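Both complexes shown next keep subunit A, but they swap its partner, so subunit B is in the first and subunit C is in the second.
Here is the complex of A and B:
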């Protein structure tokens, strides 16, 4: 990646002290770690069936999976924003009994294996789930094995990333701005909407990107809760996994597409990121 | 207290208990009054201000403004405007929208709120900076935007928390004069919090000195400057202050020695004299007319404006202001023994 012209002067260049090299005990493992991260990506690029690639990528199956992935990840991110930002505010700005427990529960899906999340979603929102049976009975809504199910599975996994990120930004933001707004006659909601939200916008954007990336790559919860139906619930990661069984070349091609999307997102938001942190 | 609460203006008894700290301050003011809460850091001034604004709950006492009980009213419903110490201008809004925020919250339409805000900013001499974001404003400009923002809600009580503390010395002089003018124009009650005696004396009609959460002295600035009643106030106004018992023209100090004064008093009394009234000698003066003469030792020297302040210990701990030349001629250094003299006409005694 080339660095853009305007961000170079911002970086303070510290002159290195003479004769103070990097100790080998740190350098060797550091380089090993770097290689470990880069070599697989390199392998993906080296072994890609470049000659077949145009043909592979123009197949409607690939486009279906990619479109479904983008639509579901974006919807899941939007859903996460709608419920996640208020949840983060509640955790950061109010004091209620059991707040630390709630906070721990919110972060649980971060460490929970996604497959377990998928099973849990089935038990909650499945046709016989504790909530799902009523949805089915009263509204005729069935969520498992539908595109909506994909969105829910991705939201379940992505939401904690957003909440944690936004809560951190809120805690760092000066709460006295909300007090100043209150002395000017703003209710707490008005203060949040007109003062706090604009102030934490960079943090919200960073959280949304994290959540979106997590949703885009979601596999375990999706395949468990929504299944693997091409065009309906088969997102890119699912398509990659399936293709690897019988058409490795297609799997590599699909992986390359996901890699390209990831790099594009990272490049597009790099400036925004660095400003947000 | 037998005084009846004024129907107009501020009538407050602020009690806030937090851990081991207890604030217990009575505060009354008529419309048009500017009251300064003066006190050292940690005295509870800011706590009192937050209680008035509704940002910290009262644990006792009462709070009435123009006869209305506000003790349980949330901050957004109080007719109170606040200028915060570091202004807290909303960084994402222009000066105009910062000032329009209040009127808009109070129900004015967006364009009406902006029109009112523009009028306020023009009154503050900021007509050219309506579209500027706070970070593009100088300290003095930001202070005026903060004042305009607080006044734009048409408050019945204006609170200013260390309004000049964030400014450098030069800007401060200028802004202090402007602020004085705006406060004089303000027809409701203004309460300002400061630890700077000069700000307090220039801006306020009345000082309320708070120490350890309690009012220790209250009155007109000139009166407090002349008759300090605590060590803290004496230091603020630059006086040596002692407590003792007067008998005629002599006050026997609790610290030991006697001081001759021109006033004729009896009973508990304070004696005060400025550090500039102290004369120092290396040897016991013989021809001096000063009746007040004490044997002291130099504890420390520091520059104080164009003078040097000499801290003395010994028979009577005191501060003396000398010129640099005098310090050099006397060869003063920490530990040097000196005689300190003060003329009776330079001292001031008043009942404690």
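Here is the complex of A and C:
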């Protein structure tokens, strides 16, 4: 850390081209920020119980949790796409009274502590909740303590990421293409499907990756709304938290798996679909 | 330019370090000034110890008792990490053992209370639950504490003693979340401590069961070796273990040791 800080000013004083030097005022905080993000991850790798790792990772409980995490995060992302892209379109392309209020409400789960989100979901969709009691009475559906509950909790926290990301892309996209399609006789839905959607595909992909990552790491809303049962609602973050209570080595091993999966998927997707963003 | 850059970077680093330092200290910020006793106590002791603290301050004018209520595990970890506490009260003996193993207590811990499990149900016990066996009824939503936290460990022992195999809907991360599921009527029953049911007032009912006797938690208390205020700490431990202390704990639902 110190050596980088000392080495860099020399480089900064010798700009390769006019106006292309990196000012120290930006470089030093940037490197500090980078170190702040990376050192904890590095610590996880350094302190990992490497000798016990094969034993820790071959337990079926770990794979149950990982499988559940991947299935739920992917389902939550799909659900977010189905309702999130139209919602983003509505916010970006139409004008209705109270639109800015709606947008603020959409972003609310971003700042809400996830545990609060979980409690809110219980009060809404729980067996005794304002919507949930009718689901139970009419259809016999109860959502808490089920895998479906995990998916809903993850969707609740992941959806805003997708909406914000897609809405931003829509605002940046030129509406004249849609207008041209309309003048050529396309309906608004056809224009959206055939013109807008391909245009904003990279933004949608980026939003989906963000939503997926958020869903994969979701803890607070999940444990509050869906509870914790191995194979049914115990996702990786829950398994990590509970292992931490009395077996930190197991918790580190589980964290490494989650870290490896996240890095692999994010790296893979970045190269393939989201380069343009 | 460069000078100001260095200043900015320095300020940023300082701000970051200050922020980190504050976080590290926040759990133990009380200064070891004379007249302050710092007590690290299990979360389940919150109501009764707060009352005992007020009693202590009344009996020892000029002395102030500050509490850090948290899960026993994290408190033990804090003490092992050098947090300046005077007294430690844990919710079970295995957690206290983590502190005594490091020889951080002054003398052996004393058991000052015991806590017994009970079945929490909705007010009026609408499902007519009368025993652990009733928790296996089909369709009944039951939550237990995870076996890795003390209440889950105790519940596992009690179920084994009863010879009952309960598959719950969820293994909750602590006893209060288990209770919350019953309070919100998401679960029909939860195995929690008597003191939790007592503290919840009329929001839940408690159903006692005989096998709880085989899974009683002992609550040990000890003055710490490096206590900044050793004499007042000894006095506080004496109050907790006195007849007066037992009366307060008994009112909260704790059993005598």
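One rule holds in what follows: the second predicted complex is superposed on the first by the 243 of 277 C-alpha atoms of A that agree within 3 Å, B and C clash if a C-alpha of one lies under 4 Å from a C-alpha of the other, contacts with A are read in each partner's own complex, and residues count from 1 in each chain.
To be clear about the criterion, a contact is a pair of C-beta atoms (placed from the backbone, for glycine too) under 8 Å apart; a residue touches a chain by one contact, two chains touch by 3 or more.
Predicted, not measured: the structure shown is a model, and the values here were computed from it.
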Of subunit B and subunit C, which one contacts the greater number of residues in subunit A? C
Counting only touches as set out at the top, which of subunit B and subunit C does A:190 meet: first, second, both, neither? first
If you stack the two complexes on chain A, which partner ends up touching A:198: first (subunit B), second (subunit C), both, or neither? first
Have a look at where A:101 lands relative to subunit B and subunit C in the superposition and call it first, second, both or neither. neither
First (subunit B), second (subunit C), both or neither touched by A:182: first
Pick one for A:46: touches subunit B only (first), subunit C only (second), both, or neither. neither
What part of subunit A is shared between its subunit B contacts and its subunit C contacts? none
Considering the complex alone, what residue numbers of subunit C touch subunit A? 1-2, 4-6, 8-9, 12-13, 16, 73, 141, 143, 146, 148-149, 168-173, 177, 181, 184-186
Spell out the part of subunit A that touches subunit B in their complex, as residue ranges. 174, 176-177, 179-187, 190, 194-195, 198-199
In the complex, the residues of subunit B that touch subunit A are 53-55, 74-78, 80-82, 84, 88, 90-92, 101-102, 105-106, 149-150, 153
The answer for subunit A against subunit C in the complex is residues 5, 9, 12-13, 23-25, 28-29, 32, 36, 122-123, 126-128, 142, 144-145, 223-224, 226-230, 233-234, 238, 241-243, 245-247
